[in-house]
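The first chain written gets the first letter, and so on, giving A, B, C and D; residue counts start at 1 in each chain.
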Amino acid sequence: MARVRVAVAGASGYAGGEVLRLLLSHPEVEIGALTGASNAGQPLGALQPHLVPLADRVLEPTTIEVLTGHDVVFLALPHGQSGEVAAQLGDDTVVIDCGADFRLRDAGEWEKFYGGEHAGTWPYGLPELPGRREELRGARRIAVPGCYPTISTLSLAPAVAAGIIEPNVSVVAVSGTSGAGKAAKAHLLGSEIMGNASAYGVGGGHRHTPEITQNLSALTDATVAVSFTPLLVPMPRGILATCSADLVGEVSADQAYAVYAEAYADEPFVHVLPQGQWPQTKSVTGSNTVQLQVTVDETAGRLVAVGAVDNLAKGTGGAAVQCMNLALGLDEGTGLTTIGLAP
Amino acid sequence: MARVRVAVAGASGYAGGEVLRLLLSHPEVEIGALTGASNAGQPLGALQPHLVPLADRVLEPTTIEVLTGHDVVFLALPHGQSGEVAAQLGDDTVVIDCGADFRLRDAGEWEKFYGGEHAGTWPYGLPELPGRREELRGARRIAVPGCYPTISTLSLAPAVAAGIIEPNVSVVAVSGTSGAGKAAKAHLLGSEIMGNASAYGVGGGHRHTPEITQNLSALTDATVAVSFTPLLVPMPRGILATCSADLVGEVSADQAYAVYAEAYADEPFVHVLPQGQWPQTKSVTGSNTVQLQVTVDETAGRLVAVGAVDNLAKGTGGAAVQCMNLALGLDEGTGLTTIGLAP
Amino acid sequence: MARVRVAVAGASGYAGGEVLRLLLSHPEVEIGALTGASNAGQPLGALQPHLVPLADRVLEPTTIEVLTGHDVVFLALPHGQSGEVAAQLGDDTVVIDCGADFRLRDAGEWEKFYGGEHAGTWPYGLPELPGRREELRGARRIAVPGCYPTISTLSLAPAVAAGIIEPNVSVVAVSGTSGAGKAAKAHLLGSEIMGNASAYGVGGGHRHTPEITQNLSALTDATVAVSFTPLLVPMPRGILATCSADLVGEVSADQAYAVYAEAYADEPFVHVLPQGQWPQTKSVTGSNTVQLQVTVDETAGRLVAVGAVDNLAKGTGGAAVQCMNLALGLDEGTGLTTIGLAP
Amino acid sequence: MARVRVAVAGASGYAGGEVLRLLLSHPEVEIGALTGASNAGQPLGALQPHLVPLADRVLEPTTIEVLTGHDVVFLALPHGQSGEVAAQLGDDTVVIDCGADFRLRDAGEWEKFYGGEHAGTWPYGLPELPGRREELRGARRIAVPGCYPTISTLSLAPAVAAGIIEPNVSVVAVSGTSGAGKAAKAHLLGSEIMGNASAYGVGGGHRHTPEITQNLSALTDATVAVSFTPLLVPMPRGILATCSADLVGEVSADQAYAVYAEAYADEPFVHVLPQGQWPQTKSVTGSNTVQLQVTVDETAGRLVAVGAVDNLAKGTGGAAVQCMNLALGLDEGTGLTTIGLAP
């Protein structure tokens, strides 16, 4: 079979770089055009020196001419820019958007959190959610989930679907800095980040809140209220999400664990740890795996689930490749790994 | 006035080292005996090379003979060892315990979480709590609070006392590693910690949970249920606590802020940030200050408060010195600073 | 062809874990026995939670009975323990020692730096050195180089071999902490390491000094004097070596660069960067690649070469797999990558 | 005595922030105007949230009108901007420049490395160098040394002055990121810095090279050739410099140590560690102390000295305050500490 020809728009950023890192190990893929904005004209080796086999490739500008003619186009562009590009790519091209443009169904929510006009809604690339995998098989347009929504949703979905928690959840997620992107900002300097934990977007203001709400509410007949607090901590990759909610009636720790173990029994990329072992982000660095644990705080009457994900891998680039595999009818795990890089 | 003569038992650990760092800048103090366990006989310069003025001091064994004859004795010993030492020191000696032995009033809770026999209960060294400061003035025995309880309590106390939240709170606290002490353990190695966020003691199992419960419940007529999750993140110092609870009735963000601003208006070591500015741990590194912010998540109907503290400074050693000042009738802030070390 | 059956002795440490991480992606290998010392009986998932596919594997004790019957045995044992194990394994078994036992030819030097009795000398697993690759093809016993010697040697070898520098070199190498292993030691705690750069083994005392000397001296007819200073810096992986020496006569930066470019033109795992671009360790994280740059300091009359390597990957586990490939007659790069994990 | 009234130009950057951190603890100082460029009009609390006592102070623009009327003006401005400001301040004002404008005596060297026109040469603020302290007493204009030159010079000065090394030295200095300033640059993002060691300015290209050369050459009758390589490592503060040179004749480690111990016997801010103990940067975090060690590598015939400094404290802001004290006739150590913040 001829190799799938793939382009990556936004190849100099962290999401684009991660998509490329994974595609380089994908046996069915041939890497075509790589594009950038202000970086167009530069060799990739100067921008992503870890991608040695592509060191001599030169970035082209992000235009339809450059992107046309590929089987798959990954868009790793700033929020709000994917709609216009996608509209000009043919329906036979698989377009996978790593940005937020096509994730939300509610145009009002989109415009409230992102500004500008809502571009539309595409199949949502989280195959581990009930019913989603089928939508993604053969899809030509896919919206890759946000990194926080991926781990928050997977950490709470079994409990919400099983009705063992109230529809009022709290998520406190600590994140590495790569989720904030590669654009130079003073508060993201190494000097500011190292030795420092900081809060931002507290009180419902973070863009990922409505996406989590949308995902969890689809699993039950209530609107799930989500209190979401993101924290920045000194590491380049990884999210650890602590998710909790009041229990509905009496639920033991063993019962809660059984709900999770069963929900993910057949999922290749969700690893529910043995009871008593808690997740850490380093175990999933570079891997497409989510690691989870759940228990019940009896005194507080609360379920507590903790999930770990690599925000760039399963949280972005890995999910994008997983979705491509589904869209193309390949084995879902092709080119992906469950093995993390540690220490 | 003659200088106060001070001994530090456990001078080679992190808590003891921090007490010494602060005492070295204290104008009323003369540093007397320094003791250690397996490190007795070694010069402090080999163990705490940052304490240059004490480099040539040699650690003595932790015995009553060595500790007797000081005006103040700080105990920075492993949990369970303070009781026996304190019992042999005269009542005229001020004894300040940085360990957990005398913090809890409920002997059953103490024995459940720490094992061994409950040693008793001493005045609790958190002067920012209503009524506590008076207990500490002139006290001869003081229990320094745990680092997590300090920041969790101060982050929630105004809301609990004002009755604007339900008595069912959630605390997710990310911590640097020094809180885990200086004893060599494989999971605390730099190789394991850097690039990694991990959960531990989830579901009510952490020793600091009953202490937080005790503190908050004293502010209201209900027992406050506390769901406490500690996380380790890659930094040596600092705790950032995200604290939340369902609101009682309608409370606006401005109202919640006003409650906090008023509660701490006269506290020299609690700094409620201007609305909209969120805490970060680095701002309080080495300082005796807690930085706080609070808001309301309207969609979730939840109050969210975030507090930052240096676990070794205001979280342990700084609180210990603050308590000594109160015990001795000195100005409460002598030798302490509100200024952090950043970046 | 039947898969190669491989055992790893010392599977719970960093070197053993890295060998396993790489073997899991190796298409020709079946993973057999995994052994440990005090960890025998525990599941690997509790010790190396990033190796998800092996989570349920239980460590066996490191005995000949357990190791016998494999085509390849990797030894990732404390220094001094490999000799006895290797002596009992049959000559048809490929034994690859990640420790130091068989690296040095000079028994006196070995005993001076490591203590105990010299076990012997095996083919040295650095195929990028002149003449070494041939020794390794089909070998049944291979000594994997030390991590510092790998990067120091490859950073200086072209200049030494070309005779453009004096046989008196200086190497200052900053290293991540995983090179110091997973045994719990207080000075390697995260609290000590983060925010800290420290020197150790200065003045010729580091065990890797004679190994660098041996490697470089073999390339010329003089004994090369090596001043080697290792520094610990706050990162889990990676070594960046700054290597310098006085020039012999006039050598321009372009000439020096040409010497390096030519020397490594055909080496798949040595990447001489474009002139003007300097190495960084993150570009080689998890990869089997060394990245190099060289220039001339005209004012000081000195050649300066800088090399980056992942101490666990190409510096240990990757080199071990590369050597296995050569020993078995497989393509040298099977299961290895030139792509780093960044950011 | 009336307090000394001090202004800080460039109060929002790292150098300015450190000067302020120290001045806040200085008993003789009253803090006057604080200025910024694009940040003028903002409260300092939003820019330097660790400086709690100044949180409500608003930055003014950097103009002569604002700076006039102070006893001391610290300039923490981008290179090249100090000359014009200083020229307009009266001769009775003490002006202390934290930038590079007035450090070099050779105008050609200045213009080669910094561009623009050489502004002149001021007394050099490193009182630990022979003869310098006297120049600084009562001076009205002082150039604070660069951070790399401070530690490189102090690590090598005794050996150069004693004639025990050849005038051809090598310095490899690993640095935290705050030395690169607070301006947002992509390669200084936390995501790039953490887990990464990188080289830059190799081969004589770094601006601090001529300053080191100037300092060391003044101690002997030869021009000292300096091979200087700076490396960035993942920590916010601190420099660890490994300095080496060929010995002149036979020099034992004890002899070398004695030279250093004697040279710095009376210096309050240079701490030569006990023989065998090597420096680490964390021991000097926030302190005005340099920690040093020296030995002889007998095999290589080379002296190796290692020095640690906090680039922002003794490396910039602390030196600035130390110089102010000398200029004003205060005790040299007023407001400064020899105690570091660790862990």
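By definition in this document, a residue touches a chain if its C-beta (ideal position, glycine included) is under 8 Å from a C-beta of that chain, and two chains touch if they have at least 3 such contacts.
Bear in mind that the values here come from a model prediction, so they are computed numbers and not experimental data.
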Copies subunit C and subunit D touch via same or different residues, half shared test: same
Averaged-CA centre spacing for the pair subunit B and subunit A, given as whole angstrom: 37
Inter-chain centre distance, subunit B versus subunit C - centres from mean C-alpha coordinates, in Å: 44
Contacts with two or more other chains, residues of subunit D listed in rising order: 14, 176, 178, 182, 191-192, 194-195, 234-237, 280, 282, 285, 342-343
Chain-level touch network, classified as line, ring, star, complete or other: complete
Sites on subunit D touched by subunit B in the complex: 14, 17, 21, 24-25, 43, 45-46, 48-53, 55, 178, 182, 194-195, 236-237, 271, 273-274, 277, 280, 282-287, 289, 291, 312, 337-343
Residues on subunit C engaged by subunit B in the complex (per definition of touch): 14, 176-178, 180, 182-186, 188-195, 234-236
Subunit B partner contacts - residues on subunit A that touch it in the complex: 168, 170, 172, 174, 176, 191-192, 194-200, 202-204, 209, 225-227, 229, 231, 233-238, 240, 242, 244, 246, 253, 278-282, 285, 293, 295-302, 304, 306, 308, 342-343
